[in-house]
Each structure stands twice: as structure tokens, then as C-alpha cells.
Amino acid sequence: MEKILQRVIDNNRNLYKYGKVADYIPALKNANIKDCGISIIDKDKNIFSAGDYNKKFTIQSISKIIALMQAILDIGIEEVFKKVGYEGSEKPFNTISYLGENKTEKAINPMINSGAIAITSLIKGEGDEKFNKILNLVRTLASNPNIDYDRDVYISEKNTGDRNRAIAYLMKSKNIIGGDVESILDNYFKQCSINIDTIDLANIGLSIANRFKDIEINADIDKKKISSLLIAIMTHSGMYNFSGQWSVEVGIPSKSGVAGGILSVVPDKYGIGFFGPSLDKNGNSLLGHSVLKELSKELNLNLF
Amino acid sequence: MEKILQRVIDNNRNLYKYGKVADYIPALKNANIKDCGISIIDKDKNIFSAGDYNKKFTIQSISKIIALMQAILDIGIEEVFKKVGYEGSEKPFNTISYLGENKTEKAINPMINSGAIAITSLIKGEGDEKFNKILNLVRTLASNPNIDYDRDVYISEKNTGDRNRAIAYLMKSKNIIGGDVESILDNYFKQCSINIDTIDLANIGLSIANRFKDIEINADIDKKKISSLLIAIMTHSGMYNFSGQWSVEVGIPSKSGVAGGILSVVPDKYGIGFFGPSLDKNGNSLLGHSVLKELSKELNLNLF
Amino acid sequence: MEKILQRVIDNNRNLYKYGKVADYIPALKNANIKDCGISIIDKDKNIFSAGDYNKKFTIQSISKIIALMQAILDIGIEEVFKKVGYEGSEKPFNTISYLGENKTEKAINPMINSGAIAITSLIKGEGDEKFNKILNLVRTLASNPNIDYDRDVYISEKNTGDRNRAIAYLMKSKNIIGGDVESILDNYFKQCSINIDTIDLANIGLSIANRFKDIEINADIDKKKISSLLIAIMTHSGMYNFSGQWSVEVGIPSKSGVAGGILSVVPDKYGIGFFGPSLDKNGNSLLGHSVLKELSKELNLNLF
Amino acid sequence: MEKILQRVIDNNRNLYKYGKVADYIPALKNANIKDCGISIIDKDKNIFSAGDYNKKFTIQSISKIIALMQAILDIGIEEVFKKVGYEGSEKPFNTISYLGENKTEKAINPMINSGAIAITSLIKGEGDEKFNKILNLVRTLASNPNIDYDRDVYISEKNTGDRNRAIAYLMKSKNIIGGDVESILDNYFKQCSINIDTIDLANIGLSIANRFKDIEINADIDKKKISSLLIAIMTHSGMYNFSGQWSVEVGIPSKSGVAGGILSVVPDKYGIGFFGPSLDKNGNSLLGHSVLKELSKELNLNLF
């Protein structure tokens, strides 16, 4: 397996030059555009890695999956989806215009910024509690109690977050979210700044693929149902407005982050973590697209 | 199996009263709102049916899957997706406003009207040839050479098709489609008027689930790749702007039609055909939603 | 006066190079981009002209004012404005996307394409009758019985009119217009192809400025009210989405056409006709903007 | 004149029941829906009033005209209109969706909320200085040094201003505004809370109608040009998305506020102030519409 991973990475890593790293905050701008690493963990917890698998990066939008799970644990599926929808979208991650229309009463889905901010607002807890719950869930799913957040990235996100601030105030004015907007955003910016590596992501992916079988969950909710929901949502909107094409070309339910990470789940089989900060125009890892496409063919991982 | 089907139908068929039949053309308005039938065919071609499985109805939007397949056979995946996108959408099936924007160069996906009209335009052939190819492919996939179209429905569709006409002319003005608009629409209205029953649909579903293994295909394209693509597209946009919620609640890739039919594919396992003309607000069969949700749980058919 | 006109034209005519002639049909593409002519007629019917005032060009969108007047004469103000609105807009002349939204029941205003096509549909008469009424009204207002339409331009408009066709079918599907779409468009394309010169335009402008005092009108409608309405509509939307800036910088109610013509009305004082086919990015005559801006200052014609 | 005013008010004041008072903050909700007052001041400063002309109300959106003037005095016309457009719009006063689109670089016009917030941000000054300049300009134009703002209304506006907050942050993220958003909004909410009566409004209207001839202006800008600009902008967008119909039916350049006030300008002739808190669906005073329509006809005040 490690040979396959190494070969696929070697076949693709030069494509980095067709993308560029996120540049809206300095911390992300300083990423090494050539980085490319992958980890796969199978059901027996064997870990296979290749490339820059030991590099740390911030989780960014991949936290949206964990926050969604936490909100479901806190208030249940039905209450969560009163505030966000289930649908894929052809719109970019930071879309806001639809929220300005009178009829809108929900964010499109939990994987775009508006939906993710709404999800964070739904997690129970005052002050930093929402964030701490998300951090703890990341640690549990990744089997890594040392995971923490990057204060510099958090401060940068906070200082450049005016569009997210606009999204949050607009949702507040429409009663999609309640409570103190700056505090919700604070929790949101912190959750995006959690530091991880590809092994952490692969472990999280395996927890979902395994239907959380070794995870203790303090809620009366069917574990299989939660994992199926997360996988379905990742399928529909995990790769932003590239999700449809991703399903056709790769066929592995995944969620990407703007720092270059990708969390992938092969149901009942594997968890996969990828890192490559060179981004395509949709904000997904460019190398992640080509590496996972080849790997999916090689290992026959296409779900469809 | 037939007992299960009968039980599930009995459990749900009274819900018909929460929906209503399509009323934009007389032929559809005359459907019996209480009708509810299902057929499942397994890999060994055993057919199980219950309820009103022998009623005929028009294929309507389910033809979009067949037309997409025909266009791929004619000009290949790459050329097809230069004119339509892959994405799910939170917009309704007859959305047009996005096409009016300057930057738009594609229909969102092949499962909404704009994309389906574009797909029909891409099938090679003059006059009725596009339609005849689609009809033949339906017959082949359904193993039923007697399938034909309903002239009354076709005439009605043609007479009330001004919104589709607008969509087509707008795409022509943007070079998304070429050729004679009325002729393309004629083919499109005819393909929507093909008459089928749930066994036909289940056979089509099985052909896809089986990766077309018994189907002869006159093209150099990998059969498995085509079936995966169709299943991925059905997953993302087969149930219009309910597709995400459908994946979460049912988890079986499906395509619905406004006459009440649903084509469902359980990859490598089953083809399913459903008929129930009482529609929900998204234009999907209301009974289809509840029946397939229960059946998915009962038979463990959720893909995610 | 003629000296002033000549000076203003001389001061501005070299600016033609910052614009370009309309190129969507050959007939317009062949216009001489350097042409620049103006005519002013005062209340005593004295005619003052300078530059290329004797060149013929097609009336294009300026016909929208005449068609609006004809529709008001035929069915009254109230009925007309049930199908079109009164508002200015920040959207371009060929905007369509708003019509695709469910709630829309009117075209924004009679000066954009959708509204103008709706207006033409409201004029009473079968076949060419709508057009013939418009042509006759142009002749009457311009005091020139020899005005006719340009068959080549008409044929070209018809052959390239797919976006207008889409607009019309969309309005038909929403019951904003009724009747045969191709016939309505035929009348519309013909009205846009009427051939005129700047003296014709100045005469039309004077008729409006004069409150139609010498014009016989076969209707029970107050002439002053019609002229005020036309002037208000020209003010709000006569120069497309440049109308607001036009009011600030020029302050003379005007209507432009894509062939380079501008009809201007100084209420109770002057009618002005301008011709200069070099267009700015809004589709208005670039020289018309600078010439009328200077002339407005020079002669103190700003209405505000 | 006072007899005419009284008669027009008597003819219309019972129509109050077809509208309703603004209810988004308590202070406005407590207005007396039956109030109806008017003041007209002619060029010789004769004041004519009728009805509830001595009632105080908050200026609300009418302050947008004064703030626009102050911004022009501070940085000039050209700089101001780099951040806001000139156009009328068919969209409501609190429209935001267009700002979410990538290409947008300006607010549509200075009379909708987004544009007005941008205008306030452009006025020079730290802390309360922007507001104080606007307050002083109101006092000067109204010849009333006792005008002040209503602290309760200001606090209410601030507490319910999430949509305006969203608009402001969105503009900040697009570099349409700079500086501290909460401080800009603070100035904006205060300017909306300035307390006035119809005589104050009529005096402001007369100052504009008179081309500011008795007003000392600390800037090198042509007074006539400023007044023409304000009148043109009021014409195009002073009555929100009813501005076009207002021009056709009333024909007097005006600006309304949600507390029920209307500022009207008859160029070179009259200033008019109206108050009637019963609002129509566009957010304009319902009685103001009918009273000014009748008065315009009676006194022949239609500009067009």
C-alpha cells in the first residue's frame, strides 16, 4: 500500500504549479506550495502514509463536519436542519446574496460559510464552550489528545473576517442565528484554526467510516445514522461547488479546507487524510483532486 | 420480498392526500392520485412487485438520465460537460434566472430542464433522430421493445412549453445550444412523453446497477465509468433541490419524473421502479419519498 | 444658435474613438464611427442643425417611447402599467434573469427590452397592424410622412433575436404577454428598424415638449398627462442604467438607441435630436453624452 | 394657499387606514397613524401649513439627502460617486443581495441603506464628528438651531440594526467603506434619529429649491450644481422603488423617511414638508402620496 501511495504522489506532485496557496491571511500565504502528503488507515487501524504526511496545517472548513456532528449530538438532526438545508449548490463557499432575499429562512447547507456559522451557533454553551466541544470531538475522533488550535491563524481570521461577519449579522436579522454574533464568530474562527496533520484526518475519516464503533457518544442518537448523514452531506457539498464533479471523477465522500487539507471517507473501509496547499479555483487542494482521483481508480474506491 | 413491498406500500399509501398531481397539462391532471406501485429486480433478474405496478405513466424527467447516457455515447463525457455542469443546486427544476447572467456558459446540471434540453441538443441526428435514439435506448435498458410515447401528452407538453422555449432560446443566444430550437424542443417533449410502468423502470435501474453488463454499447466508453457517472449525477441532482435531503433520508440514487415515477439504483444490487402521482412541493412523488425511505431502512439499501 | 451647436460638436467629435459602434448585426457595424450630428427645434419651429444632421439611421430603442405612447392611446395608462413597471433600474437593457423569479409579474419598465416587447404586445391589432400604428405615430410626431423602415436591419434583427425571443417566451409563460410570440417580435423588430434623421428626432422631441398641441389624438386622454408621463419615464430609464448619472450630468430627459440616436425633450421649450454611432459601455451614444452635457450647461437646459 | 392645503388634507386623511406605521422599533410603532400635516414655504419665505404640522418626528431616511450633501462638501462629487452609483432601482431600500456578488464595487445609489451608510463613512471626522456635521447642516438648511436627535430612537435603531450591520460589514469586506464599522453605524443611526417637523422639512426643501442662495457653504463647489444633483438624485431614487411611479403621478422630486416624513422640492419655487406615519408597502407615507399627488395637480407643480 505504501508503495502505491508513494507512486501516486510522485505521479502528481509536480502539478502544484497550476494552483496557488490561499493568501487572504499571512499564515496561510506562508505555506509551502509544493507540500503533498497522504495517510490511509484501514479498518484494522493500519496506517499507511507517504509524502509530507507529518506536516501540520489548520483544519479550516473541514471543521464544518465536526461542528455539524457536535450540533447533532447537542440538539438532534431535526432541530439542526431547521436552520440549514441539505442541498448541494453551484455557488461558491462564501456566497451571501441568497440570504438577502426575503423568502430565505435557512442557510443552503452546513458546508458553506453561512451554514457552518449557523451550525456553530446551534452548539450549546457560552463563551468558548462551543469551540471547546468541537476541539474535544476532533481529539476524540482523531485519537489524538494533543491537538490544539493555532493562535496566530485565529487572530488573522478574526481580523479579516468582515464577510463572515456580514453573513452572521444577516442571519441574525433573519432569526437564523441568535445570541452574540462576535462570540459565535470567535468560536467559528477558532474551530477553523485547529492544527492537525494527515494522520489526524485519516483517523477522523476512519471513525466516520467505522460508524463510530469505538467512540463513546453521549447522546441517544443512532451512530450509523449520524455517520451516513455526514457521508451524504460530504458527498453533496463537501467540495463546495465542485462536489458534483468530484463525485463523478473521484467518487469518495470528502471535505476540503482552504489550508489544503482533505478528509475522505470510504464507508466501512478506510479513512483518508490528504494535505497539499496548492489550491484550484474552487478553493480545493489541486493535488488532492488529482491524487485522490488516481488512488480511487487504483484501489477501486469509487462509491458509485 | 413481495411481502415486504406490500407491507411498505400499505404503511404509506394513505399519505397520498398530502400531495397533489401535476396539473400543468390535462393528461397528467387526470392521473389517479391514490395510485402507488413498486417493482424491484435483483441481479438474477427476479422481479418483485406490489401495488399498482402495472399502470402506465409517462417517463417525464426520468428521460433526462437516458438522454444523458445517449449524449455520452454520441460525443463522449468531456464534450457533454462543456455545455452542462455537474453540480447539485438549491434551485427548482425550471430555474432560468441564472442563465440570464452574463458570465453563465453552462446549464447547472443535466437533471434540470435547461441542462436536459442542452443534452438533447447534443445527441447527434436530424429531425426525430435524437428522440428515436433515446426511445431505443429506453427499450434496450428496459428490455421492452414495445415501449412507445404518448402522443396526447407530447402535444400537451408542446402547447404549454413556453418556459422551456424561453430556456432554449436563452441558451441558443449564449451558444450553449445550436441548431433549430423548435426541433430540439420537439425531441425533448417527445422523450418526456415515453410511456412506461414500474417494471420498465426497475429494469432500467438494474441495467445501470449491473454496469450494463448485458447491454451492447456501440461506443468505446468504459461501461462501468458510464454507470458510475449516471449514479453520481442521480445522487447529486436526481431529485431536484431535494436531492441532498433524499440522500440523507433515503440514500438510494434516484431520478424522479413529474408524472410520479422514480427510477432508483442500488449499485451492484437492485434496480427499483416506483409510481405514485401525488407530488410534494419539489415535484417529486410524495409516496415515493416515504415508501423508499422505509424500504431503504428495511433492506439496508442506504449507500452512505 | 447654429454657431453654438457647431462649436459644441467641434469640441467633442474627436471623442468618438473612446467608444465603438454596435456590432451585433452587420447593418449597424457598417456605421461611420465618426458621425456626429445634432438638430434643435424651438417652440416656433425654427430648426437649428450642425454636423451630420442629414444622415439616416435606425431608431432602435427610441421607438420604445413611441410604442409606449401608442399603447397608452389604445388601452390607457392603467392597463399598460399592469404589465410593466415605472422604475429605473441598475440593470442593463437586455436583463432577463429577474423575469425567471417566481414572484415577477411585470417587466421593470417600458424602456428595457422586456418592457418594450410587452408594450408592443399591448398595442391593438393583428399581423403588422401594431407596427403600422407605431410607424404612423412616428410620422405624425416627426411631421414627416416619408419615414419608413429599413428591411435589411429588420431581417438582421429577426435573425439574431434569440435573447429577445427568450424574453418574450418567458413573459408569455408568466402571462405578461399573450398572443403569438413570433408575430409580436416581428412587429418589435420592425419598429426598431424605422429609418430617421436628427431633424425627425428633434420634431418628435418638440411634439412631446409642446404637449402635442398640434397633434390630433384619437383618444380621450389628456395630452399634457401623456407628455408628462413620457418625460418622466425618459428621465427614469431612457438612458438604460446610466439614466441617473445622465440626469445629474445632463439633466435633459432623453431616450437613446443602439444605432447612435438620442431623442431629447426640454419641456415646454425644445425638441433635440442627436446622432453619433460611437457607443459607450452602457449602449448610449458616447458623443451624445458629451455633446448634450456641454450644450445643457451652455444653454441652461438642466431640468433639475 | 392655506385653504387649499386644508382642503387637500381633508380630502385624503381618511386613507390612513390603508397603510400601517413602521413597527420595527417601539418608538415608531407608537406614532399616531391618523397624523397628517403639511407645510409649504415660497421663495419669499411665506410659510403655509395645515393639519398636524407641529408634530415632531424623526427624519429617518430623509437624512440621506443631507448626508450626501455633507459628503460632497467634504470630498467632492467625483470621490463620492466612486463608492455609490447614481441609478434608480426596482429593489427595496434594504436590498443587500447584489452586494454579495463578486463584481459589485459600489452601492446602487445614496438613497438606499447601503449607499447611505457608505455616504456617512465618507464624511470626514472621527467619533461623533460625522453626525455632528450632518446635524449642523440640518440646522442650517432648516434655519432652526434647536433641532436635535432623539436618544430613544437612536438606541432602538442601534439595537435592531443587524441588517444594516450586515450591509456595512459586507461593504467593508469589499473596500466600499473603510474604518470602524460600529462607529460608522453609530453616526448613521444618530442621523436617522434627528427630530424635526414639517416646517423644518419645508425650510430644507426651500434651501435646495433656492439653490442655497442664503446658505454659506465652506467649499469651492458650485451651489447650483449641488442643488441640481440633489434634486436629480431625489427624482431617481428618493421614494425607493416607487420613485418612477412617483415621478409620473406626482412629479415633485422628494425624499421619504420611514417615520412618515417627506421632503419635497419644487425647483426655484417651493420647499414642502409633509408628515403622515401611515406607510404603504414601499415604506413611503401613504397619505403623502395621495396628498402630494392632489396638490401637484392643483398647483401645477409637476416638473415633467
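Chains here go by letter, A, B, C and D, matching the order in which they are written, and residues are numbered from 1 within each.
FYI, a contact is a pair of C-beta atoms (placed from the backbone, for glycine too) under 8 Å apart; a residue touches a chain by one contact, two chains touch by 3 or more.
Note that the structure is predicted; figures quoted are calculated from it, not measured.
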> Greatest Cα-centroid separation from subunit D: which chain?
Replying inline: B
> Comparing residue numbers, which of C-D, B-C or A-D shares more than half of the contact pairs of A-B?
Replying inline: C-D
>> I'd like the Å distance between the centres of subunit C and subunit D, where a centre is the mean of that chain's Cα atoms.
In response: 32
>> Quick check: how many Å separate the C-alpha centres of subunit A and subunit D?
In response: 47
> Which subunit B residues sit where two or more other chains touch them?
Replying inline: 98
>> Going by the touch rule stated at the top, which chains touch which?
In response: A-B, A-D, B-C, C-D
>> So in the complex, the part of subunit C that touches subunit D is made up of which residues?
In response: 81, 85-90, 98, 108-109, 227-229, 231-233, 235-237, 241-245, 247-248, 251, 253, 267, 302-304
> Across the complex, what residues on subunit C touch subunit B?
Replying inline: 95-101, 162-163, 165-170, 172-173, 181
